[in-house]
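Quick one: structure below, then a few questions.
So that you can tell them apart, the chains are marked A, B, C and D in the order they are listed, and the count of residues begins at 1 in each.
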Amino acid sequence: MSGKSVDSKRKQDSLKTDSWSLKAKGLCKTFGKIDALKSVDFDVKQGEVHAIIGENGAGKSTLLRCLYGDIHPSSGKILVNDKEIKMSKPIEAKGHGIAMINQEPLVFNDLEILENIFMGHLKQKRSKIVDNKRMRDEAVKLLNDLGLDIELKGKMGNLALAEQQMIEIAAALSSDAKIIFMDEPTASLTPNEVDNLFKLINQLKSTGKSIVYISHRLDEIKEISDRVTILRDGNLVGQFKIADISVDEMIAYMIGGTMDKFITKKKVKLDKKPYFEVKDLSSRGVFSDISFDVRKGEVFGIAGLMGAGRTEIAQAIFGIIKKSKGKVLLNGKKLDIKSPSDAIKNKIALVPEDRQGLGVFLKKEIAFNTTFAAPWEITKKLNFINKKKERDLTIEYTNKLKTKLADIYQNVNDLSGGNQQKVSFVKWLLTKPEVLILDEPTRGIDVGAKQEVYRIINELAQEGKCVIMISSELVEILTLCDRVMVMYEGKKTAILEKDDINEVNVLTAAHGFATNKEGA
Amino acid sequence: MKKLLVLLLVVVLVAGLFAGCAKAPAADAKADKADDATKTSSEEGAEDGSFTVVYIPYNTGNPYYDPIIQGFKDSVEAAGGIFETTASDTPDPTGQIPVIRAQIQKGVDVIALDPTSIDALNDVMDEARAAGVRMFCVGDDVLGNEEHREAAVIATEYRQIGYDSIEIFAESMGYEGQLAVLSATTDSPFQNEQIEIYKEVLAGEKYSNMEIVEVFYGDDEPEKSFTEAEAAIQKYPDLKGLMCPTTVAYVAAAQAVENAGLQGQVLVYGTAFPNQCREFIKNDVVTGAILWDTYRLGVVAGEFIDQVLHDGLVIAEGTKFQTSYGEAELIENNVIYAGPPLAFNKDNVDDYDF
Amino acid sequence: MKKIENKSLAKAILKPGSVLVLFLILSVVSGVLASPHFLDFEYILAAMTQYIELGIVAIAFTFILISGEIDISVASAMTLSSCFAAILYNYGLPMGLVIAVTLLFGILLGLINGALTTFTKINSLIITLGTMSLYRGLAQILIGKGSVGDFPEWFVGIDRTKVFGFLPLSIFVFIVLIVIMEVILKQTFFGRKVFAMGTNDKVALYSGVKMHKNKLVLFGILGLFTGIAGIMQISRYGLAKYSLGLGGELDVITMVLLGGTAFSGGRGSTIGTALAFLVVVLIKISMTLINMERMIQLMIIGLLLVVTIIISDRLHKYQDLNS
Amino acid sequence: MSELVKQKKKISITSVRELGLVAIILILYVVVGLIEPRFFSFRVVMSIMLSTPILIIVALGEMTAIISRNVEVSLGSIMAFSAIIGGMIFKSNIDFPIVVVFLVATVVGGLLGLLNGTIVTLFSLPSVIVTLGTMNVYRGLMFVLMDAKQIDNMYIPRNLIKLAQPQESIIGIPYIIIISIGVAVLVSIILNQTKIGREIYAVGSNPDAARLRGIGVNKVKIIVFIFAGACSGFAGMIYMARVGYVNPVTTGVGMEFMAVAAAVIGGTSMAGGSGKTLGTVLGCILLGLMMTSISYLGIEGSAQKAMYGLIIIIAVVLEKIIKSKLGKEGR
């Protein structure tokens, strides 16, 4: 009873609020040497869905975090109702009616679901005691709107990722936010859940709320949003009414001109027999029965949506997460890989996706990083380090990749994103690998650096290495790969041969629908 | 901004350091004077009367030493000397050795030590004497290693304490009933000696109706002693007496009895300061306590050292000398007893304040 | 006055190392101001031997901290080893053998900590908080309240046997160990792994570092050093006692952090720790010389620790910004 | 569906811990009783209960700190410090209203906690190391304050000591037990029923999420430290009532350690975000029972330290195993 009245009251409030707006003027943000945002203008009107698109590292999330007060813009200003506001903490953004739903749900595993919904704005009785009844009533209402039935008493940690995401959305709604930022909210949702979300979004629009929506799924953008802002490498490259722009145009703007302009695939003749094989590899609860093979000189792509289990396959092969079943063969002989060091011994290398978190030691010298994965190259007996050898090798390899650096003894975090990525490459090239697994090799680096990376990939193929490339960027998949495996929720949905590799096939398979060339 | 904070904190640290040292110049300046004196004429250096005595008790924060230090100070300063005291926080050689070394380094004239170990301190004591420092034990002695110090001033003949206390207690118990002992640690020599004496005495005819049921050990830790005392009371419902040869245990036992509301049923006796037992005596929780005059110990020690340094008092068995409490004598192993035991009860407890 | 100080400090801020030098000067100055008996090389050496065990533990502790772990059970482990040795000797084993076995025992204690942390993935601080009192308690059980002594002549007095006629043997050992460990840390690839693990354990793992193995080795080394320290402790006192070195872990942590090792790991040097050892010891010496109350000494050491971590923390952030 | 099943399992497991503790306590009590029949007596139960209040109050403060992903090791010093302040007031005027002194001690504790919290949050430093330092700083301070002297029994008002005496009690339960129960109830209300209480859990469970939800993480942390300090200050008065005197060197040494042990045994996760008042109280009772049994059976007291250490290790390892069995990582 009371719950209903409260809820309807909330609606009226938000309806009553006379039109308001959020604007950003000339936002800039630099991380160390990298410009994440270069003077970007942005604005949201009341009751609209405004999408932001762009490739990884184009600055979408950075923009959102600035608007949410999570990070301070280096320059530029943010205005609410044309009044400039200064935010030092998210708590202040909240004060301005802004709520945020993160890419990976940030939740309190140890707390009850109910509390997860209201944490940060818990309802109290006059006695300063938390009013569980009132919150429960509101929560039930919310979850109905979202078409969920989840036991509110349960612990958050026991929910599946998708459910956690929905709870986060519920949380944002419960905070009476006027504007909600959604950073790839559908990344881990099933089509069914996505529909519910969209229903909800439309309902919110009708109640005068605004949504800022980030997604890689352009079809979704087309479906749900009113306007779209396109970013590339931190620059604002365009802002359109959704009706005025087609998906292809969006892509063109995102990658800056049509793809073949800057990616070229060097032809390499592949030998017949597979060199590196994976046979029904499984890891409990993550992915299952994955089989594929790679020939010398081949670039083998793995495509799929975020959370489809691509990275995990790489980790399983590399001995970081446990394999529950299946085997890995190199040149016909079975490999027993329990840890990365085993993998390295077997001439396998993994250039991980999270460069700064997994790829390089930011606070160590370039030389240190370059030689770290290949100790045998620079150590004498009693594993003393041969400083001269270290220097020579570092110089040789960094030059080979045209890494721009002042001094091989400077720290890696003084380098630009692209050069950091090159160091991460160099480190692995030094181990003289036969098989290279590249996880999102161009994530968050500028166009120039991307071309460099593509060049390196081509060269590696020409040197007859097996290259396995995991990528979310269609462009790369479509142009660089000889064959592509597409995954959906931990399962292989297709292996596409050269001629079948096109956007339609990849995306359909990536969304879990069989392609005509299923499992070829 | 934050850098400023850092600077501020550095300044604080520096301040802290010097605040800590602040005491130093005052105390030390005097020490230097004394020290120069000994330098100019190390042998007969004491002639100008100015001499430095450092007393090193078991540990700091131990109220037992307050009166000793007071008496020591009074007598030494009366003789025109400088009295200092310092100690470690842990009552063991780890703490005492560096402290003693520091005194040697400062070239004080006399080190008066209450040894925390009968054997671990031999080397450092020899070091001191080799460096021309007069080495005495005050309070306790290094049994079996007497050759490493010159003489020892002991508060009283501790065995006598044992005999007196058990007799007084037995009398108050009416020479009958169960008796438990709450001691310090399993290997503290003084307490163990006392317990032996109790047993020896209770073996006698007159005490045939009394028995020591068990010995508890409180490790001289307040809480532990307290728990042990309670355990003793509950374990032996017919318990009539708790004998506590250590002040910590005494307070704990008295408190436990009072808390249990067993005043009069379970008697408590043992060693304690007047200030510690006064309340309990007034509330009839205990009949009294026994100790020795710790102030007197300090005075006698001071006067003895003064006479050794300035009146050529020979340190040898049988030597007699005058103190403000009368005549004292060096007995076997150059031990001096400062005075007789001192028993407190309702009547005399208010005459003392320590 | 203050201004000038601030200026010089502001300069010093630029390099973490210089803060250490500042502290060193500071401690000498305050020592000299405190007592005219302070500046006496022989005495300082002699006094140093009273804290040398902690210094030795601090060397290996530096490694652990750089690798991103911590072990606050070191003082207890040291004392437990010494008590263990004493018991062995009283069972009639020859001293030489006792020493060997004790060192192994020390390694074992370290490995227990290491195994518990690496395999359960529980924060090493919590584990060692437990073993800190476990080890101390075991020592107490082994020895009881008393002390065990009567060691052979040749063994007792490592602090009084001199090498080159002036240098106490224990200090000599200390110096040798520093040199060895500094070389391992800076010149070998093992040293690199130590830094790597502390800088970013995930990157280290991805780069093929066997985390479990290396962490175990590190805890083992620390254990070995506590064993050595334990032996030296008995040799110095001529007896073993469960309460010896109580609270030493605070001194050790202070030395290591003061020595410029980042609490978060990935940065540090044994040379720095050695200098920090000097600072702490000099301060302690001067404080003891002026008969400062022991509690106040503890307070000042505590203060030193807090201030030190604040400064080192600031400096590292500052450096990352300015590099 | 499967979630619901999981939840049931989780719920049962958490409540299993409290039940398990009760069981362990009973079993231990019975076993000791069988060895030493006199153990089965009201007096003994009473003295076990009497030995816990100080620990309970400090441990609840420690628990709060741990829930917020901090470890406070200066609580023992804070307790002693507050007790000393209280004692000095009584020494100057023994008739000073006890309630006021309780208040003063609590405030003093809170202030010392505030200092810890400020240093920790202002410089974002690990709380253990900071409090490890202040632990000694506070000891030193009170030592200077007292000029190395202790506050003797004679200066403590009888009425305070009466609080710890069975004969002075409501329906046979001494006041300090009632007080400690009161504190426990209060703490559990604060932690479970108030906004700040829940935010403390949130901060411990996932600081980043808390920050993004607009919770002032540092504010919460500081409040936690103040709270822990205040608890210890209050406990200081209980200490005076029970032990009857305060000594700047010995009082409250190792208290923080016992407190951590009690909290961890009670199921407080060192990873932060979870911990129950009831569990911690039971943990305290278990430790108190152990202490009493040890002296009762005349076991060499030296075994105690070792046992506490062992218990802590076992407790955390069990915690971990249970968590991983649930397939839920305490991040």
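Everything that follows uses one rule, which is that a contact is a pair of C-beta atoms (placed from the backbone, for glycine too) under 8 Å apart; a residue touches a chain by one contact, two chains touch by 3 or more.
This is a predicted model, so every value here is computed, not measured.
Q: More C-beta pairs touching across which pair, A-C or C-D?
A: Per the contact counts, C-D leads.
Q: Using C-alpha centres only, name the chain that sits farthest from chain C.
A: A
Q: Taking each chain's centre as its mean C-alpha position, how far apart are chain A and chain D in Å?
A: Each chain's C-alpha centroid was found; their separation is 44 Å.
Q: What whole-number Å value describes the gap between the mean CA coordinates of chain C and chain D?
A: 31
Q: So, what's the distance in Å between the C-alpha centres of chain C and chain B?
A: Their C-alpha centroids are separated by 35 Å.
Q: For chain D, give me the residues that contact two or more of the other chains.
A: Only 143, 148, 248-249, 300 qualify.
Q: Can you pull out the residues of chain A that are in contact with at least two other chains?
A: Not one residue in chain A touches at least two other chains.
Q: Find every residue in chain B that makes contact with two or more other chains and list them.
A: In chain B, the residues touching two or more other chains are 5, 60-61, 89, 186, 219.
Q: Name, in rising order, each residue of chain D that touches chain B in their complex.
A: 36, 38, 41, 43-44, 47, 50-51, 122, 143, 146, 148-150, 152-154, 158, 161, 164-167, 242-245, 247-251, 291-292, 295-296, 298, 300-301
Q: Which residues of chain B touch chain D in their complex?
A: It comes out as residues 5, 59-63, 66, 89, 186, 214, 216-217, 219, 221-224, 226-228, 230-231, 233-235, 237, 251-252, 255, 258-261, 273, 275-276, 278-280, 283.
Q: Which chain A residues qualify as touching chain C in the complex?
A: Residues 318, 320, 339-341, 343-344, 350, 352, 357-364, 368, 372-373, 375, 378-379, 382-385, 410-411, 413-414, 427.
Q: Chain D touches which residues of chain C in the complex?
A: 116, 120-123, 125-127, 129-138, 140-141, 144-145, 242, 250, 253, 257, 263, 293, 295-303, 305-306, 309-310, 313-314
Q: In the complex, go through chain C and note every residue touching chain A.
A: Chain C reaches chain A through residues 187-190, 192, 195-196, 199-200, 202-203, 205-210, 266-267, 320, 323.
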